[in-house]
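Here come two complexes built around chain A, the first alongside chain B, the second alongside chain C.
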Partner chain A sequence: MTVQIKGRPEAITIQWIPKYTLLERFGHWMHTASFVPLAITGMVLYFPFLQPLAQGAAGEFFRLVHRVAAVIFGALPIIYFIFQPRRLIMNIREFLPSKEDIGWLKAAPAYYLFGRHEAMPPQGRFNAGEKLNGLIMIVAWVVFGLTGLPMWFGKGIIPPEIFRWLVLFHDLAMIASVCMFLVHLYLAVAHPLMWAALVSMRFGVTSADYAAEHHAKWYYGPKRAMEIYEARKREAAQKGH
Partner chain B sequence: MAKILIVDDDPDFVKLTQRILRTKGYETMVASSGKQALEMMRKDKPDLVLLDIMMAYILDGLDVSREMAQDPQLKDVPVIMVTSLTGARAQAALPTDEFIPVDEWIHKPIDPDQLLARVEAALKKSS
Partner chain C sequence: MNGKSLQKSAMSRREFLSLSALGLGVSLAGTQPSPSPAPRSASPDELAILYDPVKCVGCRACQMACKRWNKLPAESTDPLHIYESPQGLSAITWNIIRLKRTDTGWHFFNYQCMHCTDAACVEVCPTGALYHDPRGFVGLNRDLCNGCGYCTQFCPYGVPHLQTTNILTGEAKSAKCTFCQDRIQSGIGGPSCAEACPVGALVWGKRGDLLEKARARVTELQSQGLNARIYGENEAGGLHRLSILLDAPEQYGLPAVPKTPGFARAWQRVIQPLGNVAFGATIVGILGAFLIARRNIRMEEVR
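Then we have the complex of A and B:
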């Protein structure tokens, strides 16, 4: 999109759109830096074949790392809420499901595997995949807190049956979040169509062209985004796709 | 005194801008989205519009500017873009893109003196 200053030969073409604040990017990378050791040490404690590592001094070390990383992982969203509550509320609103999300999830395999974009319904600032990732991470954060804190401080106090339930839910949250993390990591780092995701998390901005293509509702507004989407679908149908 | 419509979804920025404009006695009106801005302008025409680009959606402010340019009632109202978006400046030689006309472009964070000077110049030009 280009803006013309009246009476001057000069034009300004918008290139970069701010997407994340500095605190959001710092929080994201700190969350990653705490999640990875949490997952690794958690797996040492979880998988039976790694049990020898969880014994003795090594076991103590893994438990210590797990707890230190857990404090960082747990504290970051609270810090975000304290310093940028308005942004947090805005982001939560944008994470809410929309009617286009199902269509996006249906069309996503053809897009990610074959690059076919025609059937992808327009998305807001976060697409359905990002929303799914965010939702799983938010639920996992809550479950980790609700189960991890009693497991840490309540051992020997909490009845064993309840403790087993806590471990089960903690493990389920771990499995779900690690699976989502791996998908997220692959798409952000390795997938050729997703280059801008990493750029926006490093520099806080996304390119105007990328926003127009991948986040059309956010870029053009819902009405114009739907018109563009319908026109693209008609064109694809005429071409026989 | 001139009536200025501030269109921005950031309440802190709006408060700051209102405070700056009031030092010179300007009357201010406020809208937090493009849609609201157009509704307000059609009811009570301002002398100048300070327009953020990215509000309800990225091009919200530019759509307002485009609609104003097409509206006989509003096309003579000067528009100053006040935005945090970055763009590449170049000669507008090749009409390959859709051009949105504005009177001035100011980057956030704003410098109060620069804002007042641009407002004054735009009002003078339009009168």
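Then we have the complex of A and C:
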């Protein structure tokens, strides 16, 4: 595919490679469409300044929205597991930490704020930031389920001493996942370097050049990716002298 | 060469400044004032109820008067309908005489809302439906209640109960003894339970007067060789339902030290403010990153 970008004299050719299945993209956007209402309706009980919205019929309406969205939010990973179990397991494996992640996180501020990519170690299909987002969302899904379902159906059956901890952990999962969501939203929507993110989540493909730059271990394979990384580091060191 | 290195150092200074601005923003977002409420204590002029189990004959007139005034339906507890009596507090039973056999004999105990000064239910209620009336008791405005049920889980006495109409949607209303708030607020009289008691086991009045009365009564009972004590003078900041006990509070199913507001406070005054700091830091961090990245990253150089 050839595109003309404003400010560049020559047209550039983009080679697209597949990244996400249709179900994954559907799941991602349904996750968004359930997570956002869940967060908003939950905050009604969380922030004291939203008290008027929590009172009486308004509060009951927000609880209904919260519960409908919770069913969708809870069901999505299960649907994914039923239809594409191999993809799910593959993705969870790729979310697990690897030894380059610390180096990536250290180099990330210079990259995301000032666009300097020399120090970025090669990453797999997901980089360390995406892994952090994925892991927090997976853990939050489990915690939301383990605390939310008993709070829904177990009121009056579960001893109050346990119920209080459920409320607390539901809050903690919300704080962690909402913070992560905000960062994820910014990087996907507003950060200039992450231009391919929305394309991938809409059409399921990513640019080969983008993949080579951001996901070298996935694109080239781990060995070749490390060679390129070392060569780039040597080049940068020579320039520096 | 010289010019280039100068430019380079200027660049890193700009980077340094923008990073420190970001750090400052994050720390400013973290220093929001945390709510520190003035310590409440029960004043002697506030209203209270005093219960004397030695005078109580267990007639349950208080139970009946409570049901009648608050228009609460009867509870069926016996499948044969021979001896029906509620087993404990519920959404439709706000006042009950408990009969308990202990090592020292049979104890009557009138159980109802203790109307704490330091009330966990008011602390956790997200709607303001549960409130401290200036006259001391803990009232409930059911129109504001959304049925979240936090009060039922945080009360150290297990008093509020949810009247659930739909378990799936969670439609419910909290219910508990309100000190007959409508009688008090409209000046009709005192709590119906105390008004109905035929033997003076339940009396109502100003808390200071009742405490004086309770102390005199405890001295009198002690002179008769009974192990009498007052419950509620200092518990949970001072209860507005004072009781004379003839045994340890645990023998009456009462906590010696009602602890729950501590947990509620840890949750609402530590975890929630910490969460707000995390939200603030995240938002300020993102805005800072947005402004810095916009200045430094040229789209023309992006692959």
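The rule we apply is simple: the second predicted complex is superposed on the first by the 226 of 241 C-alpha atoms of A that agree within 3 Å, B and C clash if a C-alpha of one lies under 4 Å from a C-alpha of the other, contacts with A are read in each partner's own complex, and residues count from 1 in each chain.
FYI, a contact is a pair of C-beta atoms (placed from the backbone, for glycine too) under 8 Å apart; a residue touches a chain by one contact, two chains touch by 3 or more.
Bear in mind that the values here come from a model prediction, so they are computed numbers and not experimental data.
J.: By the touch definition at the top of the document, which applies to A:59: first (chain B), second (chain C), both, or neither?
T.: The second partner, chain C, only.
J.: After the superposition on A, what does A:209 contact: first (chain B), second (chain C), both or neither?
T.: Touch partner of A:209: chain C, not chain B.
J.: Report for A:11: first if it touches chain B alone, second if chain C alone, otherwise both or neither.
T.: First partner only.
J.: Which partner chains sit in contact with A:168 here, chain B, chain C, both or neither? Use first/second/both/neither.
T.: In the superposition, A:168 touches chain C alone.
J.: For A:190, is the partner it touches chain B (first), chain C (second), both, or none of the two (neither)?
T.: Touch partner of A:190: chain C, not chain B.
J.: Per the contact definition in the header, classify A:153: touching chain B only (first), chain C only (second), both, or neither.
T.: The second partner, chain C, only.
J.: Using the superposition on chain A described above, determine whether A:221 touches chain B (first), chain C (second), both, or neither.
T.: The first partner, chain B, only.
J.: Between chain B and chain C, pick out the one touching the greater number of residues of chain A.
T.: C
J.: Please write out, lowest number first, the residues of chain A touched by both chain B and chain C across the two complexes.
T.: Common interface on chain A, chain B vs chain C: 5.
J.: Where on chain C is chain A touching in the complex?
T.: Listed in rising order, the residues of chain C that touch chain A are 15, 18-19, 126-129, 143-150, 152-155, 158, 162, 164, 167-171, 263-264, 267, 271-272, 274-275, 278-279, 282-283, 285-286, 289-290, 292-294, 296-303.
J.: Which residues of chain A touch chain C once you look at their complex with the stated criterion?
T.: Touching chain C: residues 5, 7-8, 44-46, 48, 51, 54-56, 58-60, 63-64, 67, 109, 112-115, 152-153, 155-156, 160, 163-164, 167-168, 171-172, 174-175, 178-179, 182-183, 186, 190-193, 195, 209-210, 213 of chain A.
J.: Which of the residues in chain B come into contact with chain A in the complex?
T.: Chain B reaches chain A through residues 53-54, 56-60, 62-63, 65, 81, 84-93, 97-105.
J.: Any idea which chain A residues touch chain B in the complex?
T.: 1-6, 9-18, 205, 208, 211, 217-222, 224
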